[in-house]
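Just below sit the structures, each encoded as structure tokens.
The same chain A turns up in both complexes below, where it pairs with chain B and then with chain C.
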Partner chain A sequence: MDLRVDYYPTHEHDGYKFRRGRVLPFGATIVPNGVNFSICSSDATACWLVLYDKGEREPFTEILFPEAFRLGDVYSMIVFDLDYEKLEYGFRMDGPCQPEVGHRFDKSKILCDPYARVIGGRDVWLAKPDWNEKYQHRARLAFDDFDWEEDKALEIPLEDLVIYEMHVRGFTADPSSRAAFPGTYSAIREKIPYLQELGVNCVELLPIFEFDEWENNRLHPETGELLINYWGYSTLGFFAPKAGYAATGKFGMQVDELKTLVKELHAAGIEVILDVVYNHTAEGDQRGPTISFRGIDNRKYYILTPEGYYYNFSGTGNTFNCNHPVVRNLVLDSLRYWASEYHIDGFRFDLASILGRDQNGAPLSNPPLLEALAHDPVLAKCKLVAEAWDAGGLYQVGSFPAYGRWAEWNGKFRDSVRKFNKSEAGLVPEISGRVQGSPDLYYYRGPTASINFITCHDGFTLRDLVSYDYKHNYANGENNNDGGNDNDSWNCGYEGETSDPGINRLRLQLSKNALTLLMVSRGVPMILMGDEFGRTQNGNNNAYCHDSKLSWMDWDLAEKNAELLRFSKHIIKFRQDHPVFRSRNYFQHRDYVGAGLPDISFHGTSAWYCDYSPGGRCLGFMLSGQHAKEGSASDDDIYVGLNMYWDGLVFQLPQPRRGAQWRVAVNTGMLPPDDIYDSCEAIPLENQNELVIGGRSIVVLIAR
Partner chain B sequence: MSIIALSGSVDSKNAPAIRDELLGSLKDAKNVIIDMTEVNYLSSAGLRLLLLVYRDIAARNGKVVLVGVSDEIQGVMANTGFIKFFKLAATEADGLSSLA
Partner chain C sequence: MALDISSTTLGNSAHITLNGQLDSSTAPAVRELVDKLLANGPSNLVLHLENLDFMASAGLRVIIFAKQKSPDLKVYVVKPQETIVETLRKTGFYQSVYVVDESPL
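Our next item is the complex of A and B:
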């Protein structure tokens, strides 16, 4: 390679030698003896490459791209003999500043590369930045060689996933985690045995693209507590991992640390889904900072009003113009980069409905970006999950343009299960659909289009869902005005923590009900970090700004709430032990394998009679094990009895296959160890014809 | 068996030269001991240099033992996953006996 005829300098400036570069790939790429830089702007009139030594306030040189180095809208240059571990770079662009037509060029700003693979400036979590520094978020080079050995994406079938949604820092930041490097990628590796024991086979990480935790930081007006951007839904660069989440961020080694985490999770049989935010950037509206896109091609990267202001479909100030061809390619390049360079298994798209809006903000019937992602060969086996709504009022649960590929966070599953579990009447028809994987929403797409969840980072934790009627967000310093009000929660008789044993017993029981409903439903279950052992946020349903015990996982709860943790592990294992819960296809409501039973049947307190009336709170359903995986797997027959009435009721039982007997596997109304058994420990019921199911309880029977 | 000592900072500035020298002198070696007692900083390029040596030696079914690696560098190697490729020993004597 060193002998290539085109790797010699042709120009010199300030003692630095350079030549015309390669147009593709965009960004900075290490080449023999030098670094290739490439960036595009359609409206700039001039572009400079600005080079710094790491952390220095003043650049060591600034090189104007000669006109001969521009091809179309792309400026490219190879600079030789750079110390690529010490280098930071940016661009300066000249051009019109006419906001009314969308141009906001500002020659005084240094702009971060949209393709930067490492971004310096926030290397250590919450280390105080130098606010006088003009270039805050500084592009750096990354080594892209990594010894993956045999690793590749796991490609676990969607229907077999159990997703665990977690915040990288919050998972281990609390001292109770006893991690050597709390709050880091590395610390997650230490907890892999815990995840395996819990039984999840996929972690979904809240945003790990570089963001500024100091963005919009403020002190709580009363408590003086520092409030920051803890969640990280505000991307600085779509190719750079969050340095502050790496124990080695101060050495700039976050790329290797994150890759090592992915590799080891894979070795443990656990996939990695990233929560990605392409709907807006950290630049905010016209009052926000110019970090990158605004100064490169404002008109191209953002959806603008006719007057040149920013449309705000994201609720955060700006809207990324995802269906502009240049922006679309950037999104595609970014996803391909994470899938190929980091072996990421899937992506969950924040406010994904924005990705289906056109350049004026109108929803498209056939959005090119969503179609391109669905058919992309590199992403072909990646999970694509949409949060199928946005802050501009577009709500597409069940109607998101899916191209046979996209799954969705099923918000309707969340809402109806929450209501049912707090004994609201009239939900039986809805719940009977939700446990089937919501065919009312995804009939043509199959149950794997439905990511079933009851709680996620956004909203109450499971413990708080059964402990609070109302949100308690005063700690956010916004007078409790932020966060959703439609929580469908119930405090079980007392608002907040209590020592009342009856209330606490009921809360535990409702938590078990929720986890059980999640695990016996067709679709893909997702649980929120800590819900397995009752993590609380003291009723805060919008903890985005708290980097504290309020939002961190308290590992001591594993012991304190050992009963719930034991139940969680068993109910996840129960799902994984029974293929009849996990299928890519919907039930057909008939017997198509000669089992003598339909694949699914619905019951009530009377067998073979389901009460769908408006006052109903009871439902039973039976799954025929011989229909598991459409008859290709064999399983036990399973009966799930749901009694959300507040008193015990007698449920008549349908008969399982000939010769088989019902055994109790789960009864959320019982105290441990009788709340859940290993399948092999289950003891036959004495009375095979009927069973009393306690108030607000779920019983799961198996028959073999 | 080869024993090699590195010192100071190993980073992108000197890693290519050290690499060429190391790989050249290790041509016939089966096992290698690299004494890192005097190394005070190992950058990404430095880690990659060690891994290249490992790959070279592993291709001949040999082993690489790192001796006297500071706690901080061990931490970095652990966090970035590089540590799993190497045997570590406190002293050269320990390194030798671990290869015996």
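Our next item is the complex of A and C:
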């Protein structure tokens, strides 16, 4: 095979041998005897391949792509006898610099490959870069020789998922994690037993595509604290994992470390969803750095104004031109790469509404990119989750173009549950829809279109939601002007931490209410890292710039807030034990299996009578266990009584199936261990006809 | 960076001793040697790493290469230094090899 003529060079420059390359795949690919490089640009007039030894400031050679090596807009060549391990490469492109028509070529810049699978330059988290280095983010080769054994994506049905949203570094960076390599992929592996014990079966990782944590770094004007890009919603390369999250990043082995994490999570029955950012890049607007796309095909990769400036639908300076056919293919190639090479189970798309805008920025009714992703054969079993809005004013919760595939972060679930849980009146009609999986929003898509959440990285933590009326973002250095103001939060009587036992008890109770509502609702629950034991950010609702205790998980809370952690574990298990909560389909509000009860029924303080009046704060609903999974599974009957009035009220109970008796499984108004039972422990209620539910409390009953 | 390489074959076990640093400049020689030794079809590959101070990605890939070329091959790593054990762990190769304190064969 080594004898094939196309494995041998035809050209030589500077002592380096090369030949015409293959146009596909794009990027750098190891081929017999050499490396194939391929990149496209429609407006460049010349292109050079620039080759470096790892970390060197000057390239060891630059090779101009001969005109004969260009096919259409694609430049490709195979270079022979390169040291794969030590190689870094980039491109230099010549072409017009006419910003008014969108061209920003600058042949003095070294450009990172849009298809780079490893990017060097930020190998160790917060290691100070050499700012004089001309080529900051340096493309490298990746090896696809990882030993996956029998691993593959788990394909857990969406309705059975409990998602845990987490930041790779923040999860274990704090010394309290006692991880051997804090803040890394490797450290998450050490915490897999914890995740299993908690009961989640999916982790959703905040962005892990390579980004520059030093981007926009500044010192806090008053405290002098270093503020950085900690969250990482600013992609440098759509194929490269964040090296600084790998304990082995300094050896360039982040690919292996991340794959090992995915493999071990899968072995533990836990899926991996990536939070992916295709709506913009790290290049910012016209004032930003030229890293890659701007110097390759500025007007293809970005949505530009007629004057050649950048539209800013992402709130970060530029907008990726996702529905340009070339860009669309890049996004698709990237997702296919993560699904196939890293065995990723699903993707959550940051500001996904941008992916549905056309090349002038107008929303499309039938966006080709979203359609392509929905029907892609490689991604066919991947979860696709949209953050169905953008910073340009498009809000598509309930109307995101779904093609039968896309789920959404249900922002309306978050908002209404927050208001209801702080005893706002008039929420009963809306809550009765939210617990059904929001059929008002997703009637034709089913409840699995609804990713239910109350908190996420963006906004208050659960503990802060019940401890602060207002955001406290002074530490972000923007005079408290950043972050959302519509938090629907309530401090329970005192702003911030307090030693008042009554207030702390109420906060705990409201936290339990929130978790309970999340777990008894149809749809797909998502909880935020640390909410299971009351992680606080001291009222900061936009902690994107803090790499400190403010944003890290404090593992000592597991002990300090053991009561909440116990409750969290049990309520997650309760959901997983009861298939009646988990279905792909909506309730039909009738008895279609001969149970003597409809699949769902609504109640109030009176059985079979639900008070939808504007002053209402109470709701009960009963699920018929014989209708679980449309009658194909058997389960207990379940009654959920929600009393968000501030005093206890008598709730008349509907009768469960013949011969069955109500038992208390959950009562958030009680102290442990009576706040939640293992279902096997539950004792029948003495009075089967009515029950006092305490103020701001949720009671869950089971009957079998 | 220097690497001393020596090898011997005892029965159906190929032994390689590496002293120094195994990085991208020294890995190709090791890989070539592994390739040569595997041609005889040994059942075991024993890597004596007591005096190996550093192993880069390229070094790990030699092990992967050996495993993938001969799936039934047992790879023993004898007395590796702690940093090398850590690297093996973090990248998931630890479970593909036998880390031992003395040569089993």
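The rule is short, and it goes like this: the second predicted complex is superposed on the first by the 703 of 704 C-alpha atoms of A that agree within 3 Å, B and C clash if a C-alpha of one lies under 4 Å from a C-alpha of the other, contacts with A are read in each partner's own complex, and residues count from 1 in each chain.
Operating definition for what follows: contacts are C-beta pairs under 8 Å (C-beta built on N, C-alpha and C of every residue); 3 or more make two chains touch, one makes a residue touch a chain.
Worth saying up front: this structure is predicted, and the values here are computed from it rather than measured.
Because the two structures share chain A, they can be overlaid on it, and in that overlay chain B clashes with chain C.
When the two structures are aligned on the shared chain, A:S583 is found in touch with neither chain B nor chain C. By the touch criterion defined above, A:T536 lies against neither chain B nor chain C after alignment on the C-alpha atoms of chain A.
Across the superposed pair, chain B and chain C both touch chain A at residues 83-86, 143, 145, 147, 181, 184, 186, 246-248, 251-253, 256-257, 259-260, 263-264. Residue ranges of chain A in contact with chain B, taken from their complex: 83-86, 143, 145, 147, 181, 184-186, 246-248, 251-253, 256-257, 259-260, 263-264.
Here chain C touches chain A in the complex through residues 23-25, 27, 56-58, 60-61, 64-65, 67-68, 86-87, 89-93, 96, going by the rule given at the top.
By the touch criterion stated above, chain B contacts chain A in their complex at residues 11-13, 43-45, 47-48, 51, 55, 75-76, 78-82, 85.
Residue ranges of chain A in contact with chain C, taken from their complex: 83-86, 143, 145-147, 180-181, 184, 186, 246-248, 251-253, 256-257, 259-260, 263-264.
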